[in-house]
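You will see two complexes here that share chain A, one where it goes with chain B and one where it goes with chain C.
This part shows the complex of A and B:
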């Protein structure tokens, strides 16, 4: 029983982090139809910002808002300098540009941050959780809490704040929102900024208790099955799919893989699930079915 | 006077023609080229220290007389730890460079070593100094199957055997030691399974389980729970990623504080004190290399002096030392060929490597390197000491084959 608790708990924590990365992708996709392949590098950049501020010896209450602000500016700048110039083009073309952005960011991170990993440790109270012989160490518990709080804050922001409502309106239809007097371009910049903040928090959760390095962006790949499973336009879908994928990974690693005698089964299990779901619901669990008039 | 000038001119002209056509003088000017395809980007990250190690070793060789007047030239390319990239680079240099200049190669990736097995050993016949110590190549058949392949450390099988023997020797209880392997789940992670079983049986060790972990894992906890249930007394941690290692050492100390971890070459790095803090304390490793802090070791003195001279900021000393050793081996084997009065060819260098007579400037505490197996014969056990913030030796340098008998 303790073993099951450990597997499920670890899966949920891992899934919350995956879910948060996926939310960052969904935010941009919803607003512009662009799939941001640079999300992994956004995560890395966020963790690097945190490391830089922390290594300056600043207190945590300065470091946290500071690195989130840096991430927001970073995301906004990417949008203003690159994406904004491509507005009106096919979203697929802009999606391809994000692959280029990803490569450039890897190079810049390597150039400025260097090749060696650096330790990232959130100095927070010890929340180590012991249930029977199952144990969840403090940094993991905090990673789960950070991811969950960020998701709740984002959902509340989207639902109740004026800016959130404007963002939803723009996401529904850019043309209609412009007609209604909404500055859609500004909203898009803000969306990229918020997406970068969400990715930065994910990056912090990934690096916390371990290390950040310029090539950490590979973590973005973990969000691909999540976002496709949950549906590209659904924030709750991303969250739920994140948890599902986290659970599938841990259970297949510790139950199904050994039962089937397949080492490495964990790596492919999310894609098997994804394949099955997409055969039944091509738009994902919570995605919108696209009805086209002919 | 005119006649004198004419005679002198003819004499000088003749001299110039003779020297220009002399193969000895022309050959002396040719560099000895060593191609290293280091991971400077790609899936394993960027490790520039690997490139610096070879470049600095080449300078050391050149500063101390070169190779019979020829310079050792380090060519560092970005292999991206990617087999097609490395194979492409190797093919390019093999096609473009003369065979009497392009004399050494290191792919710095085990999979590329496997991919180039035939090309390097049968077609090109070029000495390859590898970084991977994989048993899939460096086994009893290496001299016959891949005669041009040499590695720069003891084989993984021998290192793990040394760990098991050390555990057995120092185990205090009357019951057999209960050991578990926790390994990075890929082909290299799996390759030691059979030999571990064999050595465990030989030494009377209870190899309780072999548990994989995913490199993407955010936690290793479920594996640790299994170890708790099985009452594991020692963990063999098989990993080569700094980030994974940092997380691992922190977690294992929380879950299994009284269970010591053991590793081989890739977890022997003081950098783990920086990344994992005191959690690295008490980790035991086998290493075929001295530590960068052992300045009484003449090899280390040479290396650190050069690093200082070049103003290097080395963080991954293990990698830097390893590629330095490649450069030094290349230099010393080439010199040995010339000492024996033979021409500097790939085949002669291979033979010299196999029978090399060197202490590598005192690298193994003065012991000689026996390279007949194409692997390092010398190794030590080290233990991470948080007081010194460094690994410290817990055994002398030993002949690993004698130790694991």
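This part shows the complex of A and C:
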């Protein structure tokens, strides 16, 4: 029983982080049909920005807005310098370019940040949680809280702020926004900035309590089954699918893996689930219905 | 005033669609553009609004001057904002995933003046049907309601000129009449000029001050409403009267001759 609490709790926390990475992907996919394969490096870059500001000895209330701002500028710059020049090309072509961006970023991170992992520790009150013999250490609890708060903030922003509405409008149709005088290109740049902020928060949640290293970006791979399961266009879908995948991973790690006698089963379990779901619902669990009307 | 002169437009560098089109839109007037499928009407609107590039089209020759300024190389967002040109596309300028409120807010988002709230009330007064649907996804509304929202969105940009691409498409006759009445009202009350592309010539002729007829990328006829309405060719081919009951062969050869005359 205590095991169950431990497994489910860890699964949910893990899933919230996966979900947040997936949200970062969905934001860009919705607005341009581009799948950003560099999302993992966006996470790493965010965690690195956090580490740099923190090691300058700045207080937390400066470090947090500071690293988010750096992430926003970073995402916006990548869009402006690379993606913006490719606008009008097939989204698949741009998607392939993001694989290139991913490799370049890994190289840059290795060059500037070095090969040694650095410990990241948010100086926050101790929230260590003990339920029976289940134990959630403080950093783990905080990581869940960070991911959950980030999701809520993003959902509210996307739903209610003017920029959020404009982002959804340009995602619906760039031409229609343009003929109404909306600067769709600028909004795409901002979308990449916000996507990078979301990734940075995920990166912080991945690194906090452990470490950031130049190759941390492989967590981006964990988001792949999440977005495919949730539907590439749905933010709530990404969040729910994240939690499902998190739970599937931890339960397979604790129960199914040992039971089947397969070590490492947790790594493939999301894909098995994904296969089953996609067989039944090819658009994912929450794929957006296309509203078409003539 | 918008003056289009000798416009030649191609898609993908090779598909020639407009072969020297000249059209003048007077301030505050409704100008209609009639023409069969594939004549190049939508292409002309894309060029005027500046979005042609997005469709891989290019202006080879000719000019589009808005208030004396050449705009064929200008960014469409700037054309919309600076010259108050708004384009109601054939698929309707509506964001289906957004609700009515969000649509109207978006449309007004590039404005800096303080009349947005007032204009929103005006739009809802003009189209009361939208009021009941404020918070439902606009993509689920009926075709008529969507066209109303499309016009509403256009109005929220506070335009000087509206480009309308077959707004009557897919609407029931009674709705078409209602919509054209509203367009006249907007034109008269707000002085907004309109460039009305239509296949429904009868309806368009009733509201327009003047009109053009396009065929295969060329303007073949132009004139005031009176001139066009009394033109025999127009009556026959677009207004569906005259020429009835005649033998088919004869009709076709006659049409062929007329065409030659138009093209010449």
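Keep this in mind: the second predicted complex is superposed on the first by the 288 of 294 C-alpha atoms of A that agree within 3 Å, B and C clash if a C-alpha of one lies under 4 Å from a C-alpha of the other, contacts with A are read in each partner's own complex, and residues count from 1 in each chain.
In this section, a residue touches a chain if its C-beta (ideal position, glycine included) is under 8 Å from a C-beta of that chain, and two chains touch if they have at least 3 such contacts.
Small disclaimer: the values here were computed from a predicted structure and weren't measured.
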Of chain C and chain B, partner touching more chain A residues: B
Touched partner set for A:202, first chain B, second chain C, both or neither: neither
First, second, both or neither for A:211, with chain B first and chain C second: first
Which of chain B and chain C A:189 touches, first, second, both or neither: neither
Chain B versus chain C as contact partner of A:13, first or second or both or neither: first
First (chain B), second (chain C), both or neither touched by A:178: second
Touching partner for A:115 - first (chain B), second (chain C), both, neither: first
Contacts of A:168 with chain B and chain C, given as first, second, both or neither: second
Residue ranges of chain A in contact with chain B within the complex: 2-3, 6-7, 10, 13-14, 17, 106, 110, 115-117, 119, 128, 133-137, 139-140, 143, 206, 209-211, 213-216, 218-219, 222, 249-250, 253-254, 257, 263-264, 266-267
Residues of chain A touching chain C in the complex: 88, 162, 165-166, 168-169, 171-184, 288, 291, 293-294
Residues of chain C touching chain A in the complex: 49, 51, 53-54, 56, 76-77, 80-81, 86-87, 89, 93-98, 102-103, 105-107, 109-110, 137, 139-140, 143, 146, 153-154, 156-157, 170
Chain A-facing residues of chain B, complex: 41, 43, 45-48, 185-186, 190, 212, 214, 216-219, 221-226, 228-229, 242-244, 246-247, 250-251, 254-255, 271, 274-277, 315-316
